[in-house]
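Below are structures written as structure tokens.
After this come two complexes, each holding chain A, first together with chain B and then together with chain C.
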Partner chain A sequence: MSVVTVQLGQCGNQIGYEVFDAICRDLHSTQGFCSKKENEVYQASCKEHFFNEDKSEVPVARALLIDMEPKVISQTLLKAAHSGRWKYGQHSHFCQKQGSGNNWAYGYNVHGPKHEESIMNLIQREVEEYDSLSGFSIIMSMAGGTGSGLGAFLTQNLRDAYPNSFIMNQVIWPYGTGEVIVQNYNSVLTLSHLYRSSDALLVHENDVVHKICAKLMNIKQISFRDVNQVIAHQLGSVFQPTYSSEDSFQYRRNPLGGFKDPALYTSWLQPSDAFCEWRTHRAFNKYEKSAALVSNSQFLLKPLDTIVGKAWNMFASKAYVHQYTKFGIEEEDFLDSFTVLEQVVASYCNL
Partner chain B sequence: MAQSVVVQVGQCGNQIGCCFWDLALREHAAVNKKGIYDDALKNFFRNVDTRGSDISKGRICSLKARAVLIDMEEGVVNEILQGPLKDVFDSKQLITNVSGSGNNWAVGYKLFGSQYRDQIVEKLRQTAEHCDCLQCFFLIHSMGGGTGSGLGTFILNVLEDEFPEVYRFVTSVFPSGEDDVITSPYNSVLAMKELNEHADCVLPIENESLFEIVSKINQMLNSGKPGITVKQQSLVTLNEGGIKKKLDEKPFDKMNNIVANLLLNLTSSSRFEGSLNMDLNEISMNLVPFPQLHYLVSSLTPLYTLADVNIPPRRLDQMFSDAFSKDYQLIQADPKHSLYLACALLVRGNVQISDIRRNIERLRSSLHFVSWNQEGWKTSLCSIPPVGHSHSLLALANNTCIKPTFMELKTRFMRLYKKKAHLHHYLQVDRMEDSCFTEAVSSLSSLIEKYNELDITKGLPKHEQVRLNIVI
Partner chain C sequence: MGRLGRLGRRPRGETGAGPGALPRAIAALSRALPGGPSPETFRRAKFDLPEAVAELWSLLFSLLWLIHQEDKVYPRGPPDDLEGRIRFVKWVLHCHGYGRRRFYQLPEIDSQGSCELLLAFSWLLAYLSLPEQFLFLRCVHQSDGVWISSCKDLARCPVPLALGPKGRVDIRYIQWLLGKLRFHWRSLYASQQEQCTLLNKIHLYTRGCHSDQSIGHLSVPETEILRFPESSKQLLQQLESENSRLEAFLEWKHMELVYWQWMDTVLDASPGGMPNTGKQDVFLPEILQYCSPKYVIREMNRVQKNLEALRERLQEVVNQQRAAWHIKVSKCSQRLLRPPELSTSKKKEIQEAVGYELTTLDQDCGAKNCPCGLQRLVFRKAKEPNNSGAQSVTKVIQLLKKEEASLEKTLRRLQEECQQELAVLAHGLEGVIWIPPPYPRR
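Up next, the complex of A and B:
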């Protein structure tokens, strides 16, 4: 059961690196808080899940690195190789010379079609290595140009090429202020397109992670590296192998009584069906006990509503729209995207 | 990695350009210890062997600037070719004449423009062919004279015609009120029309501001306070002799270095690595909400670093405050009391995202942003600081505070034009007509009007736009 991780753009590649690095470091750590046998079983399963074996015996991450300019990919490949513990495949990356300029339209309408064949071939070659493909995990930001625009284009293509595979997008929600000025436009366009092709969007908000770094981890001068490492830890926890060749996974319903309250769930879902739990015996990332909660709730309603509101406000004055129409995204496309997202907001509100 | 080409036109353009190349080499030398021709160098420099052919990888053999030097007088370009930078340029990159443009935009644009068009296109093509991915042209010129202003803006047109996909960033030195060239308002307004229509982004610079920065530094150096020594390398005005030795240094050299530093900082994030990169095309994307409003006010800090270890390094937050102070701007304007359309912070060195966020939160309340862009901040983080500093900040603001500069220009223009003073010098040039003047001033007026419309919205109560109503 293997998942192909696709790292897109600066954000996707920086985070992807931290995910594999965290998993690899954890693999080799001795603080498993479990028996030796369990540790070995876990290690084998983890390796199989996330890495390929190659002749050199250095694990090769099951990942593809894609960016429209070379600086970040070079850095990422180098850092992985220097760690000595793992590396990326020699031919697992695709990059170009000039970035997308924070322009969703450029990522979607220019880079997308231009490099469609090369990128899909790259993915095809990787997929052929696996006995069974369970799906894709695409790490991308919403605010920029490559992760967002090319990410939306690629997700559509993957859906068409692999209709039976599970496609999950790890979407990084930008800080409320101070990353990219047109981030709200890029976000609205990305989300509305992803809705049509993706199976699940796992959202990571920079503002929330930043607070975790500040309040829970007490880091004084928070860098993007700190933020990315927290996100990597969350992703690593979510994707922990719970199934290995020897143990069947343990699956229990509602072990913690607290989640039984039906008021938490919508009327069309029985509490017993809504909550699923998977367990692994071995601890992850030096935490003796940890739990990762993935939920589909109204929690995201407010951030989504805020982004749509700000984007709409800007769109009403037509600011920056010429930058998008230059590359084929017209006002009607904006309106379509707004409509899709307003429907999503309304659906969540109605729960 | 994409490449950029510098097109330096006229006396001012070439002097600034020369400072830029000197500083760029110094910056790369400080970072590139192994002497390998890397991607960062590739942006502005070619690596050539003894026969003049390009070497794409490996050790540095001989670096050549991706530049085209154009002047209708020989003086400045000749000096460059005899100075320490002579090996960085070759004769194929130059176009010179002897007669000069006589401080006349019409001579620069109409006469020399048509005369040299083919040569110009050829040199530009040659330079572009040496690039595997040309992203941006940097045009450096002054507005008040004849060559930089006239021929410079003619070349801007050529760049758009011949290379429509490549970004055009223009660094324009605007004349001050007491400019010794009487016809500088004519030249500037005629040039403005071209900038309005053909530039992607303009960074206006005023000599007055540069002069004040130089004075501030001199005051600092001569203050005689015991124990204060400045790290010489870190001076934003320093030049290691691109044109002349220190003894012959003119006041303009220091001022030109400030502008050169601006260009270096602008391109740092696309040359060097960082945790939040910003490419040149992102500058235009984020800072230009409407095509004509592409004039950016720049401020650069710090101006120098103190060498004395007993004096604690300036707090990081001070750097952010300084960037929003008029003392650090390269143009005379007051952004704090006008309306921001967008703002970009290009940070270099040992600064993290939490530092930037903290400072944005702190400064926001004292600044006015347009209603549809309340959080209009674009940031970038480049890991490599400038030489001699541990961190630096370049702030670019698209702000209506530039309107008075343009209104001033229009006033000075009208003062001359109403009396038809010196017009005959222009009209006697072939294909130069009175309509050129009326169209130019009309273009300027419409630009000023656009800023007016935005200014009116300042201080009005914000109202949320009515959202789409969805039926489920």
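Up next, the complex of A and C:
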């Protein structure tokens, strides 16, 4: 079962590269404490999910790179090819020359419709190659213009084109003191739109990862590369082939299908339903033991509330709103987005 | 419950069978059913002897359990204790509409009522066509199949909901369940897609390999036998046992009448004399709680036969009425003035309305033509002519899509009604702002 990864925008493409790199390294790393046979099964399973065997025997990542400027994509393609261990497909990218100016409306209302056909054709061609499609994993940031606006547009389109497929979005939560002034607008608009079309939003907070780099890994000068690598490691270990609970001799065929019960202890849900454990005999990336936790909890409440609050304050004073109305996002659309997110916040408060 | 002899639907008369005929018939029946009874048990039951009770309860339980296994009647697995099994048998017979009160009054111990049990067994034998059922259930399949159900009552499986403190269900739990259902659906869809692609590959690659020209390609089980020739031994064994079951079935069919004639004597001899001469106890057959497609399809076929018979009778009546009406009309029209001409717009309106009604009727009737149940899958290239009378999958897909569209329409209508109700309720509450969800989630 194959996962199609769509890397969107600068952030999405850089992180996407790190994810495939981490998975590839894990593939080729020593088998640790598990048996040889076990290792082979693991490797085969992992490869099938994320890579395509090419005639040249260098695995090709099952990914599509999309950006509105050419620089990051060409860098990413080169880096992968240089590694010698894996590469991206020759025709698996789409880019333009203009950029999105960190404007969600530009990404959603201008780039989206303009390039809809080309991008969807690209995706369709990729999907047709596979025997089996497990689902889509879209990596994007919320704060910029391409990842956020185009990402929201694309997710909606994917949902319409593949109504029965699993769609998961990896959303990168910006730094609280980020550089983009309108990042809160972009975030609010992105989240409210994704909420309607996506099956799962997996959130990676830059602030939190930054702290991991500083305190746990003792990195002095933390670069985006470090942050990206930590996120990639987390994602890679979550996507590891795992045993399904019933049949402990076979790896779960569908890596995305397992994402059904996040850990959540609430009064109205039995812990056995709420907590789902997936095991594997082989630890990720040369660690002796590792554990990854995906949770759907009130942890997200504070950051979400903060962003919505800040965005609302800006909106109340109509700051920068004309940048959005210029490209067709009206005040009503903003209000709709706020409403949806307030509902989400309320639901989480009442867990 | 009338004379059991009539259930055999053959005229009473000589069978020309000798004294050993009954044990032979029962022995044949026994070979045609899994875990079949012995003639001795039946004889003891006729005389209501206690020794036969346990075996008959056990027989009834195992037969009914096997039949309803696919229906997932008992989510926890078969009951081990005698009481549990007796209760299960009674419940299933109740659902099927068995109406003998004395049966349900039997105590949950294994010492009484063998005659009643024998009567119940024979009723089931006829009503469910037990030997045929088991032939179908244990049939050896060597072809690829797909299960088609266009039954609207498919989704009747109640989910065991965890009740909260006040005995009510938390709405958040239901939302969570809906989400879980959505994810399971997506997984299922992905797996089925994969299966289809692989089936397609196998059928394509093995074209020209099958001895039967009209099929032309191998199925997955057949391909497996080529890959692992040792498994052909197992297949041979399965076919041999199926063969002996078929032979037993044929023998049973030849001797069936002997059995039913004997059962008539059992009925006469049963304690309590003639059954239900006075007030008939009517047990309405309930649809089994956990409805499965197979069960519903059986019922549907039954109902369909009745409907067709009814339709014929109605058609006769209609024709008669129509003829009478024509005579009446022609008499009247000679007396009446010519009616005013309808305006063209009015005519058009009437035509459209009638056309619409006809298409809806057509759609509703069209569903009847959709094949139901387990269908064999055979690969054909697009331009090849279809001589064998098989339905093309494209057509079936069209019919299913029509049904899907009509179901979605109904769902949307119900959702709108629900929203309106909620809006009215919310309007009555002070300080509450009603915000309906923006888009329908798939």
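Rule of thumb we're sticking to: the second predicted complex is superposed on the first by the 328 of 351 C-alpha atoms of A that agree within 3 Å, B and C clash if a C-alpha of one lies under 4 Å from a C-alpha of the other, contacts with A are read in each partner's own complex, and residues count from 1 in each chain.
FYI, a contact is a pair of C-beta atoms (placed from the backbone, for glycine too) under 8 Å apart; a residue touches a chain by one contact, two chains touch by 3 or more.
Everything quoted here is computed from the prediction, not taken from an experiment.
> Does the chain A-based superposition show chain B and chain C clashing or fitting?
With chain A as the common anchor, chain B and chain C both fit in the superposed model.
> Who does A:His322 touch here: chain B (first), chain C (second), both, or neither?
Only chain B is touched by A:His322; chain C is not.
> What is the contact status of A:Gln75 with respect to chain B (first) and chain C (second): first, second, both, or neither?
The answer is first: A:Gln75 touches chain B but not chain C.
> A:Thr339 contacts which: chain B (first), chain C (second), both, neither?
A:Thr339 sits against chain B and chain C alike.
> Taking the superposition as given, does A:Asn313 touch the first partner, chain B, the second, chain C, both, or neither?
First partner only.
> A:Gly101 contacts which: chain B (first), chain C (second), both, neither?
first
> Can A:Arg225 be said to touch chain B (first), chain C (second), both, or neither?
The first partner, chain B, only.
> Kindly classify A:Val60 by the partners it touches after superposition: chain B alone (first), chain C alone (second), both, or neither?
neither
> With the two complexes superposed on chain A, say which partner A:Pro163 touches: chain B (first), chain C (second), both, or neither.
A:Pro163: touches chain C, not chain B.
> Residues of chain A touched by chain B versus by chain C: which partner has the larger set?
Partner touching more chain A residues in the overlay: B.
> After overlaying the two complexes, what is the shortest C-alpha distance between chain B and chain C, in Å?
Once the two complexes are overlaid, chain B and chain C approach no closer than 5 Å between C-alpha atoms.
> Overlap of the chain B and chain C footprints on chain A, residue-wise?
The overlap between the chain B and chain C interfaces on chain A comprises residues 339, 343, 350.
> Sort out for me which residues of chain A touch chain B in the complex.
Contacts found on chain A: 10, 14, 69-72, 74-75, 97-99, 101-103, 145, 175-182, 210, 213-214, 220-225, 227, 308-310, 312-314, 316-320, 322-323, 338-339, 342-343, 346-347, 350.
> Okay, in this complex, where on chain B does chain A touch?
1-2, 39, 132-133, 135, 273, 275-277, 279, 281-282, 284-291, 342, 345, 352-357, 360-361, 364, 371-379, 381, 464-465, 467-468, 470, 472
> Quick one: which bits of chain C touch chain A in the complex? Just the residue numbers, please.
Residues 162, 164, 170, 172-173, 176, 179-180, 182-187, 189-191, 193-194, 197-198, 435, 438-439, 441-442 of chain C touch chain A in their complex.
> Help me check something: in the complex, which residues belonging to chain A touch chain C?
Residue positions touching the partner: 1, 131-135, 159, 163-166, 196, 199, 253-254, 257, 259-261, 266-270, 336, 339-340, 343, 350-351.
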